[in-house]
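Structures for review follow.
Next come two complexes built around chain A: one with chain B, the other with chain C.
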Partner chain A sequence: MAYSDKVLDHYNNPRNVGSMDKNDPNVGTGMVGAPECGDVMKLQVKVNPTTGIIEDAKFKTFGCGSAIASSSLATEMLKGKTVDEALAIKNTEIVNELALPPVKIHCSVLAEDAIKAAITNYKDKTAKEQAAVAQ
Partner chain B sequence: MNLPIYMDYHATTPLDPRVLEAMMPYLTSKFGNAASRNHAFGWEAEEAVEKARKQIATLIGANAKEIVITSGATESNNLAIKGVAEMYAERGNHIITAATEHKATLDTCKRLEKHGYRITYLPVLASGLIDMDMLRESITDKTILISIMYANNEIGVIQPVREIGKLAKEKGVLFHTDAVQAVGKVPVNVLEDNIDLLSISGHKLYGPKGVGALYVRRKSPRVQLTAQIDGGGHERGMRSGTLNVPGIVGLGEACELCRKEMATESVRLRTLRDKLRAKLETALDEVYINGTMESRLPHNLNISFAFVEGESLLMGINDVAVSSGSACTSATLEPSYVLKALGAGDDIAHSSIRFGLGRFTTEEEVDYVAQKVISVVQHLRELSPLYEMFKEGVDLSKVQWTAH
Partner chain C sequence: MDYFSFFGLERKLTLDASQLQKRFYELSREYHPDRFARKPEEERLKAEEASAILNDGYRVLRDPVQRAEYVLKQEGFDVGEQRSKDVPPELLEEVFELNMALEELRHGDEDARASLAEAHQKFINMRAAADEELTGLGQRYDQSQDRAVLQQIRGVLNRRRYIRNLVTEVEKELA
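Let's look at the complex of A and B:
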């Protein structure tokens, strides 16, 4: 299979690889996929609690080159966005940016799912914290 | 050393230059039809075919008259299985094969199933080998054929062919073996192994593509086949069609070279293969060999690098030609059915790489490939959430995954 230059670039120089403390109240963690399916993405966002802006994003991915590129690109897209803007990111943006072929579209879907899972996790955490403060 | 490096000898092999040399006259001046009985062009073509038939037969301990030329092993398997099924339909309708066979065997059996035949697909042990007791118990009075491959094309394991042949003989059942990966690489003898039908491919043993052979036993028992291609009655009526003379000459020459060089070549390749394995296992943790090393082709290594997905690994070693059992490299999006049959789990199948060494593989290439694979696996494990979890002591089998 031929890969686009952008997929190759993300594969060779993945952006924002790493992990953040998942117990940090400002960090949201999403993990999607399954080893049996051949891809697992872990995506984390660090949100500034006062501005609601994503200040940092990290990923780790087990999967094919397109899955690695999709999640690497997702972390780039996330930085500087508000939580709600992040939720609006669509997999088609990733498909277009990376020129993914039809058989690799599921990689972009997985990346969108990972973004949503990370943001949901962050929102759940803040909601719980606010509930605790209110009590 | 030239890049890219070819290490996918189970998929195909390059034509040996000596084979090409033997073929050249039959691609140019000696163009006769081997079936032309009334002039010199035909005679010289026929003579060349008969010499090749003998070369093929000698490699497997057979008689030249027992060699039926085909277009390749897919056709050989089709002819053997469908030909027996049709010819012996009155005797029974049951065929036994194994889950890890090549698609040319499995899909042929599936087609016969649609026509009322009953097929037993034997599971394999974790070693990749069939269970002889299970085979014995599967044989019924309706069983007409056992078709079990000699050596597997993905994991290289060598089935207990001699035992299977012995059992088949005892039970009066015919035994066909797809020996594409084994012939020319390890000693194969149809008499000692009690083989009744055996498939060979030209391009897997440094011969040309588009030519193969089927050994059909002529004595004790005399095996009969119903032809699957109708026409001029070539090949003792078993396979019509004008003979591919240059291809056949090439296959014959390739067989002779294998016969002469197998002993030294297999020792050399085993040493290189073992070196590759040792380098990978020394530098990397969580590396698993798929299939037994005890009964295996000397030039095969099928290995899973846990927590790393196969296609991403191939992408990193793009100057090395190997193949992966990962779903992402196949058209079906299913990981290798052979590895799944070993019970290794889909995650291990997704992480597998098949290395196939061959006649033109050098030690320098092996060193380069080992180093490259090690560095790419290390890079990808840095990226792998699974490796991170494993290092944190998480039991991945107990994690609730969101399968998609």
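Let's look at the complex of A and C:
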């Protein structure tokens, strides 16, 4: 099956590969996986606590080209968005942008799950921190 | 068509391999095309269809992993497309770390070969442990018919799939 040019571009030059300190209170980490294909995807966001804007995003994915491209694109989409805007990102946006074929749609779903997991992790952290401060 | 009843076998996760093979040979003879060459078309087509089920069924039932997946599917567990929520986070964490280690070795020099071989052995052992666990759970399910056990089996199958991929990856490097 041929990959689209956009998938190949992200696969060959993945953006924002790497990791951030998961213990940093401003960093949210999402780790998701698809057992069917054996993919694992880690996606992290760094949020500015005063503005609520995502200032940085990193990922590392072990999986097929489409899974790598989906998460690479996801990190690009995340930067500059607020936490709530990030939660509104739909996998269909990734599908359209990368022209993913139907058999690879689950890769975009995985990326959406990773975004949600990272944001949820960040929100949980801040909620805990606030609870600790309140005490 | 249920494969177990097609083979006339009890629906069990722990299947007697020799019994299955025996039934496969018997049924292969029974539906052999030579026996239907001169029969009316309707009968011939039925035999062809039975032969196809026989071969598919044998492939699924003789493999413990495929057999477990088959029973899970029959019991209404979704074993196709799965979302991350079905995978325990510790497993993802572990698989991620193993992949990271593998990637480091991959970019290493010749010295990395020994470590790769070590990793290979480790994954093989993990796969064997998963298979053993699967056998144990299979026995438990056969005795209890408890759906909670099937849920556990599903977890082991997920884990095994990840391990199988790691084995394939490391074997590519060692080849």
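One rule holds for everything that comes next: the second predicted complex is superposed on the first by the 131 of 135 C-alpha atoms of A that agree within 3 Å, B and C clash if a C-alpha of one lies under 4 Å from a C-alpha of the other, contacts with A are read in each partner's own complex, and residues count from 1 in each chain.
Everything below uses one rule, namely that a contact is a pair of C-beta atoms (placed from the backbone, for glycine too) under 8 Å apart; a residue touches a chain by one contact, two chains touch by 3 or more.
None of these values were measured; they are calculated from a predicted model.
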Request  = Considering only touches as defined above, state whether A:80 meets chain B (first), chain C (second), both or neither.
outcome  = neither
Task = Could you tell me if A:31 is touching chain B, chain C, both of them or neither one (first, second, both, neither)?
result = both
Query = Hey, is it chain B or chain C that touches more of chain A?
reply = B
Inquiry  = Going by the contact rule set out at the top, does A:113 touch chain B (first), chain C (second), both, or neither?
reply    = both
Ask   = Regarding the shared-chain residue A:64, is it in contact with chain B (first), chain C (second), both, or neither?
value = first
Request  = Considering only touches as defined above, state whether A:3 meets chain B (first), chain C (second), both or neither.
outcome  = first
Task = Check the residue A:11 against both partner chains and state whether it touches chain B (first), chain C (second), both, or neither.
result = first
Remark   = Where chain B and chain C land on the same part of chain A: residues 31-36, 38, 40, 42, 60, 62, 106, 109-110, 113
Touching residues (chain side chain B, partner chain A) in the complex = 307-309, 311-312, 315-316, 326-329, 333, 335, 345-347, 350, 382-388, 396, 401-404
Remark   = Seen from chain A, its contact residues with chain C in the complex are 31-36, 38, 40, 42, 60, 62, 106, 109-110, 113, 117
Inquiry  = Show me the residue ranges of chain C that touch chain A in the complex, using the header's touch definition.
reply    = 80-84, 86-87, 89, 91-93, 95-96, 99-100, 103, 157-159, 161-162, 164-166
Ask   = Which bits of chain A are touching chain B when the two form their complex?
value = 1, 3, 8, 11, 14, 17, 19, 31-42, 60-65, 67-68, 103, 106, 109-110, 113
